[in-house]
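Both complexes below contain chain A, partnered by chain B and then by chain C.
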Partner chain A sequence: MNFELLAQLTIAGIVLGSFYALLGVSFGLVYQTSKIFHLANAIPFAAGGYGAVWSAEVLHLPLFVALAFGLLMAVVFGLLILFLGYFPVMRRNGALLSLFLVSLGITVAFPNLLQIVFGTENIPLRTYNSEGELSSAFDNRVFSSGFLTITLIDVLKIIVSWVLIIAVVVFVKRTRSGRSITALRTNPTMATAVGIDRKRVYILVFALGSFLAGVAGLFVTAEFVASPVMALQWTIVGFIAVFFGGIGSLVGTAFGGLVLGLLSSLSSLYLPVNYSPIVVFASLFIILLIRPQGLFGKASV
Partner chain B sequence: MAQAVLFGIGAFTAARLVLPKADASSAVAASGINYGLGWHWLPATVVAIGVTFVAALIISLPAIRLIKGEYLILLTLAFQLGGEQILSVWEGFTGGPFGVAGIPPLKIGDTSFSTLRESGTILYAGLMLVITIIVILISWGLGESPFGRLLKTIRGNETLLPSLGKNPIRPELLTFGITAAIAGGIGAFFAYSQGAMVPGNFSLDLSILVISVVVLGGTGNIAGTIVGAIILGGLEPILRQVLGDEGIPWQRVIYGAALVLMMIIRPAGLIPEGALTRIRKPKVAKSFDQNLNGAQGIQFGDFTNKRSSSPEENLSEVLVIEDIKKSFGGLSAVGGASFSLRKGQITALIGPNGAGKTTIFNMITGTLSCDSGSIKLRGRELTGMPTYEIERLGIARSFQDVRLNESMTVLDNVAVAVPNQPGEKIFNLILHPLKSRKAEKSVNQIALDCLAVLGVAQTAHELVRNLSYGDQKLVAIARLLATDCDVLLLDEPTSGVDPGSVNLVIEGVSKLRDLGKTVCLVEHSVHFVERLADHAIFLDQGVVIAEGTVAELVSSAELTELYFGN
Partner chain C sequence: MEINKLGKRAAALAIALSLTGLAACSSSSDTTSEESAAETSAAETASEAASEDTATEAGGTCINEIFGPGGEAAGEGVTLNGGMLLAMTGAGSFFGDVMSKGAQLAADQIREAGGMDYQITIADHNNGDVPTALTEVKRMISQDDIRVLQTSYGAPSEAIAPLIAEAPVLTLNGGGSSPGQLSKDFLWQNRMVFAEDPAAGALAWIHQQYPDAKTLALIGTQENGVGVFQETAPNAWAKLTGGEVVVAEQHNVGDTDFKGIASKIKSAGADAILSVSFGDDLGYQVKAVREAGIEVPFMGIEFTGQAASIAGSTYDTFNFATDFYNTENPNPWNQCFVEAYQAKYGEDPEYYGSNYYEQVFIFWDLVKRVIAAGGDPTDPTQLQDALIADPNFKSVYGGSDTVVGEVTLDTNDHSISKPMGVFSVSNGTPVLEQEIRKVSPADDPNSALVQ
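Then we have the complex of A and B:
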């Protein structure tokens, strides 16, 4: 066993796992509360990335303002989906399957709209520097210590992901609005009977979930590029983290994401790198076979 | 969601089989990846279909334990994406990201269906049309068969089938396998016609296109799907004409938007299920004597619920329940109830809301497990058995809601309950089509007879959604009768029924007794219980407080107070 490789892969796994955890919590928050299989969570993800890229290049916004603009766009698009897509179907008492199909339709249409508006090319995140030229917004520095290396974005991914996850978990557990989310999730009839406004709670979770998806979109844009098809595969990793870790528990989802990231990274000790997505799907398959409630889920599905 | 990857599995399997052997031609061998086994296309297609069928069964393994909508979506979605990855990295099978080329075109005799020549393209289009028609005919045939009736019932209500003594898992898996096999077969023809393909041909986009077609046209009927396919399929060449290459993203935007708008404006699709069902003239049962005498009953012929007779067959107490308990969390719902049902009598369970009446039904039929206690049917222990086995031993139940499939005819809703139908096995449909058809006639006759007992035979060919709620309740009772079970549990047969129809329900239930059935019912209407029940059991907080004739219970001041309050 090559110790250096193992250590490096573990770090890569933690980076990947923290990102999966962030995506998982983003989807899990929406899914747990509304039971909507929100495939369209890919839209705030892409909106975040494109929002930042566009505002930096066209509005000449400095880096941090552009990032904030991206997040704003993520939340706006997340809520647009809720108001224009899901609420009208709910008003007609549409089944969960109808809501999923709405989600599917949006997920098909949106990347193609992006392609029509912004073109097929990949756009890196660039800002105007002091000389008024477009240049790479971000110096992704590499830190090395002996045989271990980690990039600045990787460090940020770990820190930002876990800070946000903890913030969301604390918000849901400790605040009044947060507890109304739990109430609606565990007993919707009772929750509405005691005066919790279902619509308000949905708006809250969609805003939060879209914000987290937007953060994830910004990471991918800053590290690589914004592209029309950037979001879907990451969004699906989020679903897998939820079902792998256990539905009904945000903490379970977060740890599920972390374990998945480690599995996916460490599998390259034995398998070619391009097999790691297969490892992710295979792990989900096996977990669902032997422990349908998920790795950290409570019994009874 | 995984249709595209299954399509791809069929396509690549067929391609590998028909590609020439590595040593057959030096030019092909030089390219390294485009070799195969050099089979004839016909066995290759058959193998491709078989491989896809097996692949579909493997991915549905976790679904056996979780027959829940969102899990199925996730599973198939995960399989689609995982499958895409596998296709693109498995170079020995698919040639990796660059795919395979040089697949020989289809040949029947001396006619080549090569799409490189115009004549071949036209021939090929004709062939696809023939195949499409065959697939439509097969799907239509299955949909109209007793097997299709099972599937429609499952779609209407997933939980219903076990209570009719039928295990839903097998037909579900088979259907998934069959549709996958069709996708695999079409995949094989796709490979022959294209000559070359890459794993990217089988991406999620294709699966989504298939879903859009079904949803746009209308789920649950083939006509709708055909319409959807023509509209969305026709869109592509038109957009390509108008917009050139830029038409492709627009096409996807239109699919997506159509899907969203459809769900908001017309969720049932352009042609909703049942819209094309012909309403035949009601044909009132001929061979059936409306003034039924108790001894004769309905002639089930070969379709009886074949129960092994037990030594205690002649006991007057058919079902004996002893000290059953059930608690949810710390809350005790049933705290040690004991009672028995007497043969050929109507027993009523009464008591205030939350007394545990419906919970007891759920425990008898195995929907809920007992924490402790025993339930014996003619001396045979039932606890721990799955619902559909308990039904096969002779206990059927109705639900507070009717649980009929509104898009099916009344007759179909009842016929699905008839036990031991040969036509429910695909095997029989293929190998013994005549026997299945003959059996289907008898099954329909039985269903019609059951409807006649309840006095609703004239509605047999109507869609359930056109019936009044009272009639729907009667149909649900007729369905119970069609199970040929001798112990029938009725959960609030009159709830939600208008006062005018209550008498019809009362008459219907008393006919069940005339037919020798042992009936147990949960009912809130004291008036109803008084007129019908031979015996009543008063439950409160999950225990039996009193039992006796209805008159005795009603006269007890203490119970009246418990039930009605002060």
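Then we have the complex of A and C:
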């Protein structure tokens, strides 16, 4: 056993798994509450990245304000999808399949819209320095200890992802608005009967989910670039995490994401890295056979 | 991206959204002649605003100086229907964008110079999807009556070979040239065979610069460059150094997380890395490898500004070997091309744009030859016969400040010979380190270094 490699792959797995967990909770909040297969969660992800890049270059905003602007854009675009895409279909009693098709259409169209507006090029996150020149906004420092390395963004991914996940879980469990989300998720008919405003709850979960997707988009943009197709592969990972970890459980989804990341990374200890997706999907298949509710899900849901 | 460009694009979006509604009500044809006319008009308007002379100089005069006068002998009055099979959407849309820009500029320049009217139909192969490519080529042949085709990517170009041979359609590929496309009737390459041709020179250069390097890590995909990954590189490395390949990892095209591969390379203690991956993947790889603390030489087979933007400053530790296009090349045709490209699109041309630009001029040259021989300049068979009779063409590659470059197509395997080099990267810009040449696998890899 190569323990150095094992340790490095474990670190990589925790980084990846934390990011998957964030994406899973983002997707899971919306899916578990509304049952909408919200593939268009890719849009707030990309809107976060492009919002930051655009505001830094065009509005000359400093880094942290640009990041905040990106998050605002993520929430705005998430709510636009809800108001302009899903609510009209719901008002006409559209089936979940109709809502999924709306989501699919938006997901396919949005990268093309980004290409029209911003071009096909990758755009790095840059801010204006004191001399009025655009320069790289983020210095991704590398921390080393012997064989092991980790970057600053990787550290931030782990910390920020779990802080936000815990905050969302506490919000859902401890606040009145959060409990209305749980009520609608577990028994929509009863929740509506006792006066919970379904539309208001949907707005809340879409805003929260889009915010988390926007944070993920900012990480990718800060580490690499914003690009028109930056979001879809990550969004897919998000809903794999939901089914892997547990439908109906945000905590299960989060840990499902973590396990998924570790599995993906550690599988390359013995197998070529291009087997990683096969390992992930084979594991998902086996889990769905043995525990259809997911690793940490509740059987009753 | 510049601030004014973003602003203009935001304005363009407003116009585009308005026009989308109108476009949806009109014909859904993919033929880009109308778009081209609109683009040309827009470009001309912009150019006129800047300088009334620019459009004329960019379009016609220099082309006539290099290619001779317009008129009937130059194809005036001849309409040649050309198709383009490109990645217009998805992860590879950047390639489709620059390739189509290069071809469209060439069509405009040739028309303005009194040559043929080259009508372009663009089809999207969805980032290399083979079934889509087959459907689109069938459609262009039957509905758009294309006589020539500019294709891209390896897998779709290999897949369409029977279709274009049967139709026939004279086809050039300046993107993903692969061994599987060689020696196919009506299919020609105007890019060196991806990875295969520059591999020996790339490894010989590493050996020359780092003589102590004995162990090699290989990274690649399961699409292009597989032969190099499996045979050419391991054999050449063993011949050069007596060493071996200690890591050989393939990944899926479009992957962005290479931390696992970087960890394995570090663990194996490889002395050098050769990647035959392409596109954005290379940028992610270089970044992951350097952030893992690996400082050994990293050689690739391609350079794109897209990958450089992903890797950031870590790309300055990257080398690559390819038939590289250089905007600074003083070759008169190249300078004419660069100026026209900048005037039309507001940016520098790059590698792929230049290849697809050149392809249209190859077609034009063939049209002129067929006219001179009294034949039908829209007949693909006659065009190919003219190519085989004389496979030499002017080029924006090579040459000097007074001489236009020249490339030669191989009439046996339909490949091309172009100047190649090993390059380093400085502040995101390639710098030539060493000229290299194509050698056969049986030859000494050191002979690939041009002395």
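Remarks
Methods note: the second predicted complex is superposed on the first by the 299 of 301 C-alpha atoms of A that agree within 3 Å, B and C clash if a C-alpha of one lies under 4 Å from a C-alpha of the other, contacts with A are read in each partner's own complex, and residues count from 1 in each chain.
What we mean here is this: a residue touches a chain if its C-beta (ideal position, glycine included) is under 8 Å from a C-beta of that chain, and two chains touch if they have at least 3 such contacts.
Everything numeric here is computed off the predicted structure, so don't read it as measured data.
Superposition of the two structures on chain A leads chain B and chain C into a clash. Look at A:268: by the touch rule set out above, it reaches chain C but stays clear of chain B.
Contacts of A:136 after superposition on the shared chain: chain C is touched, whereas chain B is not.
Using the contact criterion defined above for the overlaid structures, shared-chain residue A:213 touches neither chain B nor chain C, since it reaches no partner. In the superposition on chain A, A:92 contacts chain B only, with no contact to chain C.
In the superposed model, A:16 makes contact with chain C only, not with chain B.
Judged by the touch definition given at the top, the superposed model places A:231 against neither chain B nor chain C. Looking at the shared chain after the overlay, A:151 reaches chain C, while chain B stays out of its contact range.
Of the two partner chains, chain C is the only one touched by A:124; chain B is not.
Of the two partner chains, chain C is the only one touched by A:54; chain B is not. Comparing the listed stretches 170-178, 188-196, 350-358 or 494-502 of chain B against chain C after superposition, the clashing one is 188-196. Touching of chain A by both chain B and chain C, each in its own complex, is seen for residues 111-113, 115-116, 233, 272, 274, 277.
Partner chain B is touched in their complex by these residues of chain A: 35, 37, 85, 88-89, 92, 94-102, 104-113, 115-116, 232-233, 236, 239-240, 243, 272, 274-275, 277-278, 280-282, 284-285, 288-289, 292, 301. The residues of chain B lying in touch with chain A in their complex are 59, 61-62, 65-66, 68-71, 73-75, 77-79, 81-82, 85-86, 88-89, 204-205, 208, 211-212, 215, 246, 249-250, 252-253, 255-260, 262-264, 267. The touching residues of chain C, when paired with chain A in their complex, are 1-3, 5-7, 9-10, 12-13, 16, 89-91, 93-94, 96-97, 222, 249-252, 254, 256-257, 259-261, 263-264, 266-267, 280, 283-284, 287, 291-293, 305-306, 309-310, 312-313. Considering their complex, residues 2, 4-5, 8-9, 12, 15-16, 53-54, 57-58, 111-113, 115-124, 136, 140, 142, 144, 147, 149, 151, 224-225, 227-229, 233, 265, 268, 272-274, 276-277 of chain A touch chain C.
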